[in-house]
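Two complexes follow with chain A in common, the first pairing it with chain B and the second with chain C.
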Partner chain A sequence: MSAIYMNMTIAFMASLTGMMMYRSHMMSSLLCLEGMMLSMFVMASLITLNSHYTLSYTIPLVLLVFSACEAAMGLALLVLVSNTYGSDYVQNLNLLRC
Partner chain B sequence: MNLNLFLSSFVLSLVLLIIPILVPNKMLPKQLMYPKYVKSIVSLSFLISLIPTSMLLYTGQEGMISNWNWLSIQTFSINVTFKLDFFSLVFMSVALFVTWSIMEFSLWYMSSDPNMEKFFKYLLLFLITMTVLVTANNLFQLFVGWEGVGIMSFLLIGWWYGRADANTAAMQAILYNRIGDIGLVSSMAWLSLNFNSMEFQQMFMMSDKINIIPLMGLLLAAMGKSAQFGLHPWLPAAMEGPTPVSALLHSSTMVVAGIFLLVRFYPLMQHNKNILMMSLCLGAITTLFTAMCALTQNDIKKIIAFSTSSQLGLMMVTIGINQPYLAFLHICMHAFFKAMLFMCSGSIIHNLNDEQDIRKMGGLFKLMPFTSSCLIIGSLALTGMPFMTGFYSKDLIIEYANTSYLNAWALTITLLATSLTAIYSTRIIFYVLLCHPRYNPTPKIHENNHYLIKSLKRLAMGSIFAGFIMFNAISPTNMPQMTMPYYIKFSAIIVTILGFTIAMELNFTTYYMKSKYSSKTSTFSNMLGYFPHTMHRLLTKTKLLIDQNLASSLIDLIWMEKTAPKSITNYQLMASNIMSNQMGLIKLYFLSFLMSMSLALFIMF
Partner chain C sequence: MTLNVYYFLSILFVIGCVGFSVKPSPIYGGLSLIVSGALGCVIILGYGGSFLGLMVFLVFLGGMMVVFGYTTAMSMEQYPESWVSNVAVWSVMLFSLFMEGLLSYVWLNYDYIEVIVQFNNMGEWVIYDGEGGVGYLSEGPTGVGAIYSYNYWLMFVAGWSLFAGILITMQIIRGN
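Moving on to the complex of A and B:
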């Protein structure tokens, strides 16, 4: 396995960790989501091009479209939370108030 | 006999009418020159048109001029053709005579109007299009003339376009005529498809293969143009135009175009019992309804307009009893006295300083002797006084209807309408001419303008003598019923005299009575049976509401907005409200996810 595949996998892992463990702002989670998408896109493009598998040339583009939709949804949710609470701190989403 | 004289004099009388349209106005120096020029052209055209008419009447020779190939599509060709038969020539002479008198009258009536030349040009254009309609030998040319008279009617009704009522009346005329045009175009299409030609001769040859569809289309066209019941409100509303327009278009010439169409197509209609029955019933309803409406109107022009409508219904009844020649005769006679009635009313209106309400006129019998005598002559001719003009057609119609095999209801209604004719004529005479004046004494009443006197005198002579002259000059077209019981022979005159006496009695008796409220019947008659009020608002508002509900509410608001997006939103909200039992501890959930994922990866590798 070439070095670039391992590189992209590690980038994916790092973004996943960054998405799961974050301090206070929800925005950083969304940014790491984008990072995950980026690494997946590059890996998909490289594998498809290197193996000359013509039918899969469109897969990175489809991936891009769907990730744009999900980023928009994530931002919509962020805006909703921010409209209600004034900021996007994750401790605002805690419904237990005691 | 002499074909050259026949055809060329006819063409000359047509071409003369076109010349004033082509001559530019600035070639004539003074004011009142162009209108006088137009009037003298029309009188010259009338005199020349007498030549082919008299040749026809005394030798029975008919003719046809085929001029110019307009278009030909494979085997279908349309030419410009003129048909010079009995109907066209006699109508041309009568129409030119009446137009000559009306133009002379409007030299006096419209003398204070700044656009008098345009008025005369419009009248002349109307006359030309009416000529095209009457002399057409194929349906296409007839349609051109048909539309032309419709347009000129619109322009002339809305002559005083600053008045909102005039504009609505003109629009009403166009719309009702358009509904009739649907019938005419559909019958044109059927006839040209099935008979492969639009020429009358070819169509009449195949009269045994006729269907009811084109005949119903023709009947619809006659309904629209001749203001039969159902498409009638435009005719009283058309009185918004100046009096010469009412006299020319809406009494003598344009409104008879529908009846003229049916008269032209009598070879196709005479064997179809259904269409004859339909036109009989339609004509009977029209004549009764409009005569009833005329009883309580207060505007003198509207009473005369309803009288016209009632006579048009009578013409339709005549067609229904299969007498096209009598209907045509009634058209020609009716033109004389109706135009004269309108011109008398115009003289009264102008002399009383534009007062049109008969409740504010009176006592003009001694003040305007000439106009009042012409009014009385016209009313007597209208009601069918023996041996005046109206008698020769109207009495014959009623006699023929009485002795023919048709349904008694239509006959009764026609007789009733005849007596109503006498009643409203008496009403006009009583309110306008008799008793004391009810107007301010300030208007200057004078009849000394020679245009007015000459034109009224000419039409009065026509109202008295033209019936006799024409009736004795034409060749007999069918066998009139010679023997009948005396009470049938006198039925028309008896109901007329009855109408006169009852009306005079009622008028004198109730002259000093004060009525507090209008009775229900009187209001029904005055508001034209509420026909315009319901049909103009109710139908259109319902249709527009349905359209708005279909297009905007149903498609836009409901299907495209509420059904897909909003319903999904509501469903999701409801579901998530019910099913969520999370507390929103995001960091905890994410951490647990990460731990379990890394544990799974660690075990696998």
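Moving on to the complex of A and C:
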């Protein structure tokens, strides 16, 4: 494989690590989720473009569309949290703490 | 040392992805994601995928990032935290840049890395356009249009699940 796929994998790993570690905002984790999706889209597009396998152009497109829906759902949850607590800090999500 | 310009752009892509993964304030994270998205689009355009690059700009940046932008404006704080205002943020950013630079140095000198998968060349700058396939048509829109002919079941399932997803989102946002 070529070097650019390695960089896309590293970008995916960086965004995944960023999504798993919260700091203060929940919005930052949603942005890292979008970054994961973007790196997967670019990787799938490049593999399809380099191999000239025409039918798998639908894969990055459907991935993009599903990611848009998932972003909408994440933002709906964020808006709900923000309406309840006034901001989207993750320290507000402490109902299950004893 | 063979230099492929798309490898350099993908290094910038990784730097952009690290830029929002260290989690500054979301407005700066959104800016970094826009930069990464633009760079990803340029990489895809360079390999001949004009339709897919347009999809990145229209759907990803123009659709999703706009929504993220004004949702971030809703949850804004008075002093947003940038990349240099917190020790944790800029130290992790510097460390990630150093690691990426080290990886690029190893690449450009040895041209071979094997972690689990073997990465063994820089890639081609000019892509060989094979005979056959779709001929004079552009491959991108032809392949995407195949979602209506060869992949119609995918179209049906995706459409139905997105419809269900929209109803779920509306029920979530209704609250109470």
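Descriptive notes on the structure:
Operating definition for what follows: the second predicted complex is superposed on the first by the 95 of 98 C-alpha atoms of A that agree within 3 Å, B and C clash if a C-alpha of one lies under 4 Å from a C-alpha of the other, contacts with A are read in each partner's own complex, and residues count from 1 in each chain.
Criterion: a contact is a pair of C-beta atoms (placed from the backbone, for glycine too) under 8 Å apart; a residue touches a chain by one contact, two chains touch by 3 or more.
No experiment lies behind these values; they were computed from the predicted model shown.
After superposition onto chain A, partners chain B and chain C are found to sit side by side with no clash.
Looking at the shared chain after the overlay, A:94 reaches chain B, while chain C stays out of its contact range. Ranking chain B and chain C by residues of chain A touched puts C first.
In the superposition on chain A, contact of A:17 is made with both chain B and chain C. Once chain A of one complex is fitted onto chain A of the other, the partner contacts of A:73 are limited to chain C, with no touch recorded for chain B.
Of the two partner chains placed by superposition, only chain C is touched by A:58; chain B is not. Of all Cα pairs spanning chain B and chain C in the superposition, the closest are 5 Å apart. Shared contact residues on chain A (touching chain B in one structure, chain C in the other): 17, 19, 21. The touching residues of chain B, counted against chain A in their complex, run 582-587, 590-591, 593-594, 597. Within the complex, the chain A residues that touch chain B are 16-17, 19-22, 26, 29, 90, 93-96. By the touch rule above, chain A contacts chain C in their complex via residues 1-8, 10-11, 14-15, 17-19, 21, 23, 25, 27-28, 30-32, 34-35, 38-39, 41-42, 45-46, 48-50, 52, 54-58, 60-62, 64-73, 75-80, 82-83, 87-88.
Interface of chain C with chain A (complex): residues 4, 6-7, 10-11, 13-14, 17-18, 20-26, 29-30, 33, 36-37, 40, 43-44, 47-49, 51-52, 55-56, 59-60, 63-64, 67-68, 71-72, 74-75, 77, 88, 96, 100, 103, 107, 113, 117-124, 127, 129-130, 133-134, 139-140, 142-144, 146-147, 150-151, 154, 158, 161-162, 165-166, 168-169, 172-173, 175.
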